[in-house]
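There are two complexes below, and they share subunit A, which is joined by subunit B in the first and by subunit C in the second.
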Partner chain A sequence: MSKDKKRIKRRCKKTLDVIITYCILIIVAFIFFFPCLWLILASFSKSGSIYSFDGFFPKEYGLDAFITLFTDTVMYNYQRWFLNTLFIASCSCILGTLLTILTAYCMSRFRFKSRKAMMKTTLVLGMFPSFMGTIAVYLIMTQFHLVNQMWGLILIYSAQAPMGYMVQKGFFDTIPYSIDEAARIDGASNFEIFRKFILPMSKPMLVYTALTSFTWPWSDFILPKMLLQDKNLYTVAVGLMSLGETEFARFAAGSIIIAIPIIILYFCLVKYMINGMSAGAVKE
Partner chain B sequence: MIIVNKLKKFIISIGRFFKEKFNGAKEIIKEGDNKVFASFFVMGLGQLLYKQWVKGFIYLAIQILFIVYFVLTGASDLFGLFTLGRKEGNEWYGIQGDNSIVMLIMGILSVIVIIFYIALYISNIKDCYKTQCAYDTLKKVNNFKDDVNNLLDKSFYKTALALPVVGVMVFSILPIVFMILIAFTNYGGDIVPPALVDWVGLANFKKILSLGQFAPTFFKIFGWNMLWAIMSTALNYFAGLGLALLLNKKCVKGKVIWRAFPILAYAIPGFITLLGFKFMFSYGGPINYYIALLGGEKIGFLGLNSKWIARFIGLGVNAWISIPSTMLLATGILSNINNDLYEAARVDGASAFRQFRKITLPYVIFATTPVLISQFIGNFNNFGIFYFLRGGLYSDGYFLASDTDLLINWLYNMSIDNNYYSVGAAISLVIFIITSIISLTVYVLSPAYRQEETFR
Partner chain C sequence: MANLSLKHIYKVYPNGTKAVNDFNMDIKDKEFIVFVGPSGCGKSTTLRMIAGLEKITYGELTIADEVVNSLEPKERDIAMVFQNYALYPHMTIYENIAFGLRTRKVNKKIIDEKVKEAAKTLGIEEYLYKKPKEMSGGQRQRVALGRAIVREPKVMLLDEPLSNLDAKLRTQMRSEIVKLHKKLNTTFIYVTHDQVEAMTMGTRIVVMKDGFVKQIDSPKNLYRYPSNKFVASFIGSPQMNFFNVTLKKQNNDVKVEFLNVKEEISIPFDKLVKIKPNFLDGTKEVVLGIRSENISLKKSSNSLKMKVSHVEELGNETLVYGDLDLNNDAIGDSPTKVIIKIPGFKEIEAGSIVDISLDFSFLHLFDKESEESILKRVPDNNYVNVEVKDNKLDLFGLEFNLPKAILLPSSSYEALIPLEAIKVKEGDKVKVKENEEVDEKYLLTLDINEHVLFALNEKKYQSVDISIDMSQITLLKDGKEVICPVERNNVFVGEFINKKIKDGKIKSHNEYYLKFLDEEFPSTDLITKKMCQAYDDRRVFHEKFSFSFRPSSIKISDSGVKGKVIKEMDYGNNKKYVTLKVKDHEIVVLDSKAKVDDEVYITFNIDEIGVTEIGRDIKVI
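Now for the complex of A and B:
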């Protein structure tokens, strides 16, 4: 008898637990989803200003914001901004990934004299408030005549990328050494080992690195704001920042267009992301 | 205690390093033949005498290039680093003066070039000595093809690291050195080029700590900054971990869908989120609309007088942005835990809560310590949040800052918006020292660092 009671009690407890879990999940989902929904709705509002909304919801719906975004380019040339951002982000992604992966591989596989010193130095330098250096970067760029040029920005992004090699190094550390040794017995040089064995094995890490070094320039605003003063060279981040409350719908539409590629990338690659992050974290 | 030991070890290791270098140099001088000495005077000459043509000429070219650079600009650049310019420009009389700031940067650049040159010079001598040793024992000298193969195999790291090192030197280290040096000058305010900048020693630090203008603001902001970093790191960490554990529960169906919502938040570029929330809490925004609808008075959530409201909004928005990444990280780590452990615990009759406390928590905390540090530092220097939410506001009782601003925002206001470059640089140095002490200590003490070699 008492055994049955206990079982019922346990089952009640379990159901209650499930109900509470789902309640929390629904609340969490709502918190994360609602602001996004709000922006999506706002981008379809007919009038642009935030003052003509009924709270979170626009009074009338229409595609006006998207149309003006691409047609009304006198004040805000969104198309240009978008292409600029795409160009800068893609180039820095390719160069930055290459440099970061090479750095991480060397730090993981080779034991040379200055290695420990280099690792500590990068760690300490990473603590420095990065934009304090931007004044110096700006002055250097003026010296080299690279202000108001997209290549200048690409150069900076890809040159600074190797500083964040730690996660990738953590990943390479987990690839067993026996692979290197086996390859070396077959007469492969270190370069060949890297190209033929390590690189194909580290696809998740490559994807993770490429993604992070793409999203950084894609959404950075301090450097472009400083280095690209010409309105035609604006990136989307700088451009959207210059929109006020009366241009809210246009802001929402512009944001959604720039966010969609990243969101799609993230959802396709979320598995790689989790692997990459945790691989780097365990032995960062 | 451990730190003292570490320091002792560090000093001893430096001593050993120099001793090794010294012994190496002694050996080369004692044993080296005439060809090695030729390399002392003209880079690459020794290699040429050993008939290593390509390498010899490359070294020779490096020396010639360096001499040309040094004569043309290097020497004056280096000199300019000390004087920071002596001739003041004057537009009225058409005098082209010295630009102190450019001179400072070019001076640092010349130091970097000289360091690279010295490194190459030493490598040249060492290389020649190595060739001599090989010649004495094997009667054979590496040709150029062997050298290239060596650069792709044994010394592949030299080839691969060359470009990253140069890039980091110019775009990360040079700017940081520049800012550190600026902290010891009087650059800023009225003293910007064409006026001449000068070295002033520690005056800027004294100004921050003593002068009426800066000190009260500094300490007020510093207190809030520490509080912010601790609160936001704790909130993000535990909420993210909790969310991951919740999604990891067996009873949750459709994990992929539930997980999609935080990932969506994670994927949206940060500045869009921040600007969006700014609109949401703005005076004419939707939240105020509902307050007005219910008969309340509109609130300036992010206005001048809403110190704590704005602070909590910042905390919430930051959590919205950062929790998903912690969640993803914790999800990855949770999936790495060996299932046998739970199996064993279940056999022993441990309750679910006990399993969590004894297995899950220790493992997750061990694995995430380094991330926790970097998150703490990231939050300490979280520039974006209050720049976007409340940028451009100056509160009463604060000098060029608002009551939500972190040190890094203050820094930005002072140096970029208001020209207080040298004081700003001094503050950034203070931030740097605080954060690097915290993180280096934790990093050196963390098991992840100490056990690096155990997996080899």
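Now for the complex of A and C:
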């Protein structure tokens, strides 16, 4: 076989590889993007009912669903649900982030009895799905009179957040311990080391933790559905589920609006989610 | 600026690994001490224990006469420079240097002055408002130094600060650190594994291996008088040459037989007068060490043959590699490998056979088994043959009256006389051959009828009169000890116990006792504190200890433990010891009144106790 033929064959094979790869990527992207697209289009449905769709897509388009979401608050007070969700998610985010970071810092920096046992236990417990404990959580919250109260939810979300401290601990482990030691010799206390050195060097991890601590309560359904009975205390997820079957466009519009804060939050914080905060600290 | 004292310092990890073993050292103010040794020898651990970053398992660390074992690093007034710089990456250089002062609430104006002064000293003024990532390795290390010096600490600790720098920068920084030491006038403790750094920087060097201190001395003395084979091989480049030999004394010479090759040389005994005599019988294997610059390429009546394997011309000197075994080529760990350093250029053909001569003034001899030097600069003992006749000790013709305590049949004996036991005063009986200055004292080489005896003294003399403290000597007959030094410790096996004493229905307090000789002796506050500090948990109450007391720490009194005097040992000059029989134990006590068969009571001065944990052989007190 001549050299030219070999070259042509290699080029054809490469082109075919690229075509197949892109086809697979397009299919996967379509599978992921289609529900979003469908939901966005559904939110612009004029009739509102899913039964009036022409096949997959609405027959007529309009902004009625978005308008009624904020104007028709007698039956379905979306504004209220939105503020409730924002309050619960914000409080849970602050408390959860604080507890997670502190737990991870302790596990990373201090050596104490049963540390390894605790780490193994949390790892094993994390393997069980969280809804396994819902009945127990409900009973406990009943005992503490925290059913039908937003603080009940905030406490559960905040208390459960540190269970996932492993990622943060892994990050703290990468910050050289000699920085702690240098600071200790310079006269800093443990809290000062944490506040003045570890936290400023952990901005990417703080952002990641804050985002995950915010998104879970923001989009959770099971716990609020179980613990919140008063319609005025509903979160968006529970509230949207209570909508009637003919209110599908409003459901879709509500779902799209609730995604907006997370997208904004992500774009605001993404600049901190970069590596290299500890560059220059130690010789690598 | 402060003195440091490390007494019986140990670092034992929970799994039982001993990282540092019985580290003892006194560091004077303004000294530059270098800890040197191979990786894992415990030098950094010791430094970190001084810094307070690592807990001291046992022992006592004193900085400026204050015990600091339980103090936090910030309370010890020390500063430390880390191997990897450990700068604060999110702070500017100014903030990095100022941080230590800010935490101590120093006035802002003073901080500014001090930071700028430190930056000027280290030549980093123009980088003050930059971040560490914008600086080179050498500049970062200067920042780390600046952060340490700005606080004007009592002690500066440096943990391999130059090991991350390239060779040129390292040499430059080395001299800068030495200059800094002179300028700051403070105590420096510097850890390195580089013997060149150690030799060029330290006023004293601590050589460590496997957690043990192998030798503490000045660079010059370490090189000239290594006390063991490890130090001899670790210090000096190229490494010292070692050969396995046997030594046999023949008249005024010592015949040296090389074991791996059939070679022999004779060394005048004058060069080996400090050697332990039991190594001169031609049976014990000894390691002979000699540095490469003390071997020359010349023929003499005592020269050896060497086959040259290769030559390295370094410009100012030439290294000649070869082997005493003419069938070998000095590759690998040949026991007969030789390295010779000669000044200037010398063209020698590989494979040629040359004559080499050893400079006997620079010989080192080590026991093959223990690897300890048997030719120490200051010998531990005088090993001599003595005659005992009519209760008089004949030492090379000089007669000494034996005290009543030593009653021996007339015969010849081998004697071990410690240097401290020989007391000298100005006189004319004994000629002093040499006065060698050793650590602010003089090692006197005494010539007694053409025999040599060593003594230590504060002054130097031309001739002296001598006396011997017989309580310190050991006499042996056919290798068996017939007289032993009396000032040996009395040792008892026992335990440390506590008892809860109820003061009322609820209140109670603990009382602590040392239990030995089947008796319980109340512990003093000091001893209790030291024992409890040494152990974090209740293990202190479960371990077996050996408690030791010097004879002077035990007193005969009206009450206490009952015993019977079985022997009196009168050494004259009001120095009398008695041996007591107490519950199957023989205890030696310094006492001038008790007589044989007297029944007496003894008390122990607990504050003068020595305590060693038997299980792990750790000296707790």
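Simple rule for what comes next: the second predicted complex is superposed on the first by the 255 of 284 C-alpha atoms of A that agree within 3 Å, B and C clash if a C-alpha of one lies under 4 Å from a C-alpha of the other, contacts with A are read in each partner's own complex, and residues count from 1 in each chain.
Note that a contact is a pair of C-beta atoms (placed from the backbone, for glycine too) under 8 Å apart; a residue touches a chain by one contact, two chains touch by 3 or more.
All of these numbers come straight from a predicted model, not from anything done at the bench.
Contacts of A:45 after superposition: neither subunit B nor subunit C is touched. Partner contacting the larger number of subunit A residues, of subunit B and subunit C: B. In the superposed pair of complexes, A:183 makes contact with subunit C only, with no contact to subunit B.
When the two structures are aligned on the shared chain, A:102 is found in touch with subunit B, with no touch to subunit C. In the overlay built on the shared chain, the residue A:92 is in contact with neither subunit B nor subunit C.
Looking at the shared chain after the overlay, A:201 reaches subunit C, while subunit B stays out of its contact range. Looking at the shared chain after the overlay, A:263 reaches subunit B, while subunit C stays out of its contact range. Once the two complexes are laid over each other on the shared chain, residue contacts for A:219 go to subunit B alone; subunit C is not touched. Residues 192, 277-279, 281-283 of subunit A contact both subunit B in one complex and subunit C in the other. Taken in their complex, subunit A has these residues touching subunit B: 14, 17-18, 21-22, 24-25, 28-29, 31-33, 35-36, 38-39, 50-51, 53-56, 99-100, 102-103, 105-106, 109-110, 112, 120, 122-125, 127-129, 131-137, 139-140, 143, 155-156, 158-160, 162-163, 173-174, 177, 189-192, 194, 215, 218-219, 221-222, 237, 240-241, 245, 248, 251-252, 255, 258-259, 262-263, 265-267, 270, 273-275, 277-279, 281-284. Taken together, the subunit C residues at the contact with subunit A in this complex read 51-53, 72-74, 78-80, 82-90, 99-100, 103-104, 131-135, 137, 140, 147, 151, 164.
By the touch criterion given at the top, residues 176, 178-179, 181-188, 192, 197, 200-201, 277-283 of subunit A touch subunit C in their complex.
Of all the residues in subunit B, the ones that touch subunit A in their complex are 101-102, 105-106, 149, 152-154, 156-157, 159-161, 163-164, 167-168, 170-176, 178-179, 243, 246-247, 249, 251-252, 258-273, 275-277, 279-280, 282, 284-286, 289-290, 293, 320, 324-325, 328-329, 331-333, 335-336, 367-368, 370-371, 374, 377, 381, 383, 408, 411-412, 415-416, 421, 424-425, 428, 431-432, 435-436, 439-440, 443, 448, 451-452, 455-456.
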